[in-house]
Amino acid sequence: MTGTAPAADTAGTGEAPTAFLEVRDLKIHFPTDDGLVKSVDGLSFQLERGRTLGIVGESGSGKSVTSLGILGLHNKRNANVSGEIWLDGKELVGASQSEVRRLRGRDMAMIFQDPLSSMHPFYTVGQQIIEAYRVHNDVSKQVARKHAIDMLGKVGIPRPDQRVDDYPHQFSGGMRQRAMIAMALSCDPELLIADEPTTALDVTVQAQILDLIRDLQQEFNSAVIMITHDLGVVAELADDILVMYAGRAVEQASVDATFHRPLHPYTWGLLGSMPRLDRDRSERLLPITGSPPSLINVPSGCAFHPRCPYRDLNEGKSETKRPELVEVEPGHKAACHLPLGRRREIWTDEIRPKL
Amino acid sequence: MNKMRPLAVLAAGVLAASLAACGGGDSTGGDGPGWNAGVNEVVNQSDKKGGTLKLAHSDDWDSPDPGNTYYAFSQNFARLYGRALTTFKPGAGKESLEVIPDLATDLGQASDGGKTWTYKLRTGVKYDDGTTVTSKDVKYAVERSNYTEELQLGPKYFKQYLVDNDPAYKGPYKDKGDKGLESIETPDDQTIVFHLKEPFQEFDYLVAMSQTMPVPKAKDTGLKYENAMVSSGPYKVDNYTRGKSMTLSRNPHWDANTDPIRKALPDTIEVQAKQNADDIDQRLLAGSLDMDISGVGVQAGTQPKVLADDQKPYVDNPIQGFLRFMSLSVNVKPLDNLHCRRAVQYATDKVAAQTAYGGPLAGGDVGTTILPPAVDGYTKFDLYPQKQAENGGLDQATLDKAKQELQECGQPDGFKTKISARSDRPKEVAMAQAIQQSLKKVGIETEIVQFPAGDYFNKYAGVPEYVHDHGVGMMIWAWAADWPTGYGFLQQVVHGDAIKPSGNTNLAELDDPEINKALDQAITNPDKAARLKAYGEVDKMVMETATNVPLVYAKALMYRPERVTNAGITLSYGGMYDYLNMGVSE
Amino acid sequence: MLLLVSLVTFGIFFWLPKLAGQTTDQIAAGYVGKAPTQQAIEDTKERLGLDDPVVVQYADYLKAIIVGKDFKAGPVTDHCPAPCLGYSYRSSQPVLETLLDRAPATLSLAVGAAVIWLVGGITVGVISALRRGTLWDRMAMIVALSGVSLPIYFTGLVSLALFSYSIPIFPGGGSYTSITENPVQWFQALVLPWVTLAFLYAAMYARLTRAGMLETMNEDYIRTARAKGLPEKTVVTKHALRASLTPIMTVFGLDLGLLLGGAVLTESTFGIPGLGRLAIDSIRSGDLPMVLGVTLITSTSIVVINLIVDLLYAIVDPRVRLA
Amino acid sequence: MAAPIEVSGSDTEAHPEAVLSGVDRKKIQGRSLGQIAWMRLKRDKIALTGAVVVILLILIAIFGPYFVQNPLTYHQNLIDPTYNRPKYGFWHSGISMDHPLGVEPGTGRDMLARIVHGARISLLVSFLATLMSVVIGTVAGVIAGYFGGWVDYIISRAMDAFLAFPLLLFAIALVGVVADGAFGMTGNGLRVSVLVIVIGFFNWPYIGRIIRGQTLSLREREFVDAARSMGASNSYVLFKEILPNLVAPILVYATLLIPVNILFEAALSFLGVGVIPPTPSWGGMLTLAVPIYSSDPMFMIIPGMAIFITVLAFNLFGDGLRDALDPRAK
């Protein structure tokens, strides 16, 4: 799991990292009428080519903002971004808009949640792919069109040479998402961010799309960030997992570690609220009580404490001191005040059996 | 549209001069013929031919068809493409009121005590198609203009005065018999004889109307004739497009030898219709336009410009043929009572009315008689003298007189009634408001009712039944004679016979046997001087009845561009420039 | 639709007066000219068919439109071929002829103004949308609001006073000439009317565009476009603007349609001999056939233009299927 | 011209979640729509200015006439008989201490007084007319939107037809045909009611369309289904569920219709079919100014600006109100 060696050591030093993508202490804040919204508040991770990072968390945990932040798609006028984003040796936060723009689509592409609303209703699928291709490649329309048809074929759209002239609304949901993917991959980007790529689709299609993404990743050997609130999806795809809560990473580990030795109560909660068909469930699901925190007035100390069943076990540190994200096992980091041993006990004795 | 525009107004040159004086003094600075120069004599006299005379109109003709028009400017202008039996002497001031033969060789020969009038046509007069004018064409012109249901717009005096057939003549379009109207005889192509019901001593004025301009039966297309008129004058109408323009060019068959009065100076004459009134003035001042054909004077907005020293020499401020006045219906209570009417005579602040209408220059002079000073027979008198208080409004003495009359009328605290005015005549409405204010001072409460000018006489103020039902006691309007004599002015306004169920012009519904008799006798009197004296007396008798409140004798500020030649104010067409011999100097 | 419009118009002008208690005699009296003898009134009633019940008159009117109609002008009878909109009660001119004669002026005015306000309004709207909240935006929107808040005849007079009389750059009112006659003067004469009229509408369209843009700029597909790395210019013009235009087209269709019926106030302020002034004059003089004619033209142009708009819709937005 | 439905696009472009989880929470902590609207309105300085002016105008219209001099009193002594315009004051406006806005040419009537009385008429007519449009529009719109089907079809077509009429012409014609004394009313009583009815009647489709749209979307909302599923009667749903949710849009578009109607009234008076003189009206004053505007522009500027300021104020206020209340901006 060299893929996600802790970033903390090099954080904020400003020099180019070895990793293909490295995010250092990323902060994205939005001043609003009601106060400062800290959507992302000091996030760090890194990702290598050919690997997949799954970012999980409830809505409002800052997942999507992170991804938009990486692509530089957040509203420039009302977002304060700090920290560093290194892509293939280039720093993006400080970079000029046009630089980032040129990278967008070519080096890093994104697949959005709702393919219908994410594609322009007035242009044919082909036109939109061709457009994407021709921004970054100086080729004739014919060539681009040819390429578009190939891409559509690659993502498994039947009769691509005809479908290329169809409009998004003429596609089925699944086909649409495939088209989206085709568009995203048209310039074979090295970084692909998929933001809830399957939530808008029905289950059978979900599987196909996930397979598709996996295959394509192998083919293009690109790095993939898979943003989702569905642990099932990451279980399928990801090599590593980053669990976010209230704009911060609370746990970061390999898929295996996350699913079998999670070391943060929130992760437990997520696992607990995930229906598992692979084993007969002993009890009912264990949902996390309460609702996600406001990102304006984040709870003091551990942001999770209001919902954490074990907050009383740390001599009140939960309410006062914010737990740092520390490496507790090689390649496994978590941010929690609970003593490590205690945590392992709770997991093995209380949580796991119930799953 | 004014109900009636004058065909003629009589005025003494002296009078015009005195008016000029009170119209703002003589020319100060600037060169040019001078302020009011065109009122008394023709300015820029010249015989230079050629050029294009450009005229414009803020509205349009009722119709340029000589047999279907009533406007003064139209009567004045029609003489360029048509010749009536008689016309008025081209010129300015007094001389412009003289009737002279035109198509006829001489004025009419009266016989049978003024019941039969005979005219001889000039020989060799040709239409623009080369055919010769005959007396039959004149007969036909009178028939079509007075007896058909299609041509409704012109006056109907011939129908009123000529002996009708038995059964009634239905007009040339319906009656296909070859005799036509039997009371007009054409013994030969040069002679035409009119037979009247009653003696009528002013028939020469009547045949000066454009309705006697010859129209060949073969060329008559009724309502469409205005688009294809045959010319007997020095110019032919090349085209007329309603709402757009009319262009005239020389009539190749016009022979100056048959026409001693016309100079026919310009080669072409253009008239643009439906132009913006302010813009007309701008173009006049800029010299890109020669005349406002309607002859109603410049817009209020232009007034300061034309009164500036450099322009004043090019401005005339003539008396126009109108009396603007207020009729008091004798059939609306309490105005049926003489004293209530007299109260109104006193309490109506005429100066306020004058100012509301545009002041002494653009509005007119305060009026005290029915006959305007410019009409023959006018005698100056004032039965209801008023005085102004120094800071505006009537003085106490005048108001007291009014109050006293109210006492005698049995309405010591005043009364309520309605004042009518024409909604699309802002100045008239302003006048109504001024009067409303002044009447209030003696307790006479009035409500202003407005009607569109188009229907004023045919549907509202001119319909006695409507007036009675809605209690419209006071009606503001304007009147000018249809021919330039006291009779032409008074008969329609004060004679009992003039009261009509619709299109009434005797709005006060005054039907006084004395007055009627006086008028009837006057018109049969061959002695002109006696006639004129009689008109003055009738005027007094009418004022005694207090049925009409004279407000102002209309005046206008007329602009006369430098390049226009033979520019003179003809009183016979209500104080506008005479178009007959107008030319341009290049 | 047209039938409905004509019916209502007819009702208002022919039936309402009777309802308001006018007798046919009184109505006829309005058209007999200056010597309304009972005879003349009878003649007129007969000539204009005013005695017939309104239904019959309406039927005749429709019949004339379909098969044409004869007009008795006195010695000659004049045939007006279908579609015949009848003859003026006042000037006895064939209505259609007059309308066609006036139409060019109105057309010039409307189309010219439309071009200006579309270009101007949309540009301003887009810029404001992109710079939302900036000073420019606030200013632009206040100006826009002022635009819609000014009575056109007032702006017209002011502009005339300024640019025609005080500083004589442009000719004054009433100087309109047909383009065939004198293109230069035609243009000069129309500049002020165009601008004044356009000012009023541009304001509205700027606001419309701004609103539309703000809406579309929030759409997911704009984010996608950006994600593709498209230059902002392309994103705005090709993706955002195109999507925002559809609602504008609808309003535009209606406005232009109404304008083609005659910009009454503008035409009377600038003395342009168009349908608008014809309408006013006709109403004032109770020239019903003319009034009917203008109203019909207006509604027709609206209907036609809306048809065109619908077609354009289908072209612009592939999701729209033509019924 | 139906006012465009403007989204004051809230600053949530790239971080929907953030604000949702942020702001929403607070809102949930009991902030009613009214409060939000008020909060937003307070921040919108321009709209506030508009509101203040509007209130001032209304006060002027109601009480002003008691403070100014009689608008009908003539001051002939102030008029120069030759030019028939005020003797003094720049541009011959006759502006002086006793006549802050000058006096009318020809009559010397006090302009301030006429403007103030004009405001009364102008606002009276436009308010009543708006009220009428709103009532008809709402009823028609709700019925069309709620019941749909052929009812909707008919009403919608009717609205289209109305929008296809040259309204101004009709208004002029209608005011024209109603002769004095009709319906047992005379003078201004009649004229004002005719104006109100004509203007109000011709403008309802603008409101109607919007309300119809709103109703359509409301009808599909869950809470309506919920109510229905609990067997609520149509009338219950209409009055208890739909109407309350229409209050905001109605309020907004009523505010935006008032200025339209003010302009309409002014235009009619300008064309000579407004209230009957001597009652002052702004449009009427402009008519009188037309012939002399090139020489004495003040008489055009004063009523012109009166109309402009009033209409602008209402537009600014209505605009702000819309931004504040617009459901989509929430």
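Annotations
Residue numbering begins at 1 within each chain, and the chains themselves are lettered A, B, C and D in the order written.
Everything below uses one rule, namely that a contact is a pair of C-beta atoms (placed from the backbone, for glycine too) under 8 Å apart; a residue touches a chain by one contact, two chains touch by 3 or more.
Since the structure is predicted, the reported quantities are computational estimates derived from the model, not experimental observations.
When chain centres are set by their Cα atoms, the one at the greatest distance from chain C is A.
Interface comparison, C-D against B-D: more C-beta pairs in contact at C-D.
Relative to the whole-protein C-alpha centroid, the nearest chain centroid is that of C. Averaged C-alpha coordinates put the centre of chain A at 52 Å from the centre of chain D.
A separation of 23 Å divides the Cα centre of chain C from that of chain D. Taking each chain's centre as the mean of its C-alpha atoms, chain B lies 47 Å from chain D. Put simply, the C-alpha centre of chain A and that of chain C have 56 angstrom between them. Across the assembly, chain D contributes 13-14, 176, 293-294 as residues in contact with two or more other chains.
In chain C, the residues that reach two or more other chains under the touch definition are 165, 223, 284. Residue positions 278, 424, 452 of chain B are each in touch with at least two other chains. Only residues 24, 277-278, 299-305, 307, 351-352, 355-356, 358-363, 390-393, 423-424, 426, 429-430, 432-434, 436-437, 447-450, 452, 470 of chain B touch chain D when the two sit together in their complex.
In the complex of the two chains, the chain C residues touching chain D come out as 1, 4-5, 8-9, 12-13, 16-17, 20-22, 132, 138, 142, 145-146, 148-151, 153-154, 157-158, 160-161, 165, 204, 207-208, 210-212, 214-215, 217-218, 223, 247, 251, 254-255, 257-258, 261-262, 264-265, 268, 279-280, 283-284, 291, 294-295, 298-299, 302-303.
Per the touch definition, chain B reaches chain C in the complex via residues 3-4, 63, 70, 144, 148-156, 172-173, 217, 220-225, 241-244, 274-276, 278-280, 282, 424, 452, 454-455, 457-459, 463, 500-503.
Looking at the complex, you find that chain C touches chain A at residues 219-221, 223-232, 234, 239, 242-243, 316-319.
Contacts from chain D toward chain C in the complex involve residues 1-9, 12-14, 46, 157, 160-161, 163-166, 168-170, 172-174, 176-179, 182, 259, 263, 266-267, 270-271, 283, 286, 289-290, 293-294, 297, 300-301, 304, 307-308, 311-312, 315-316, 319.
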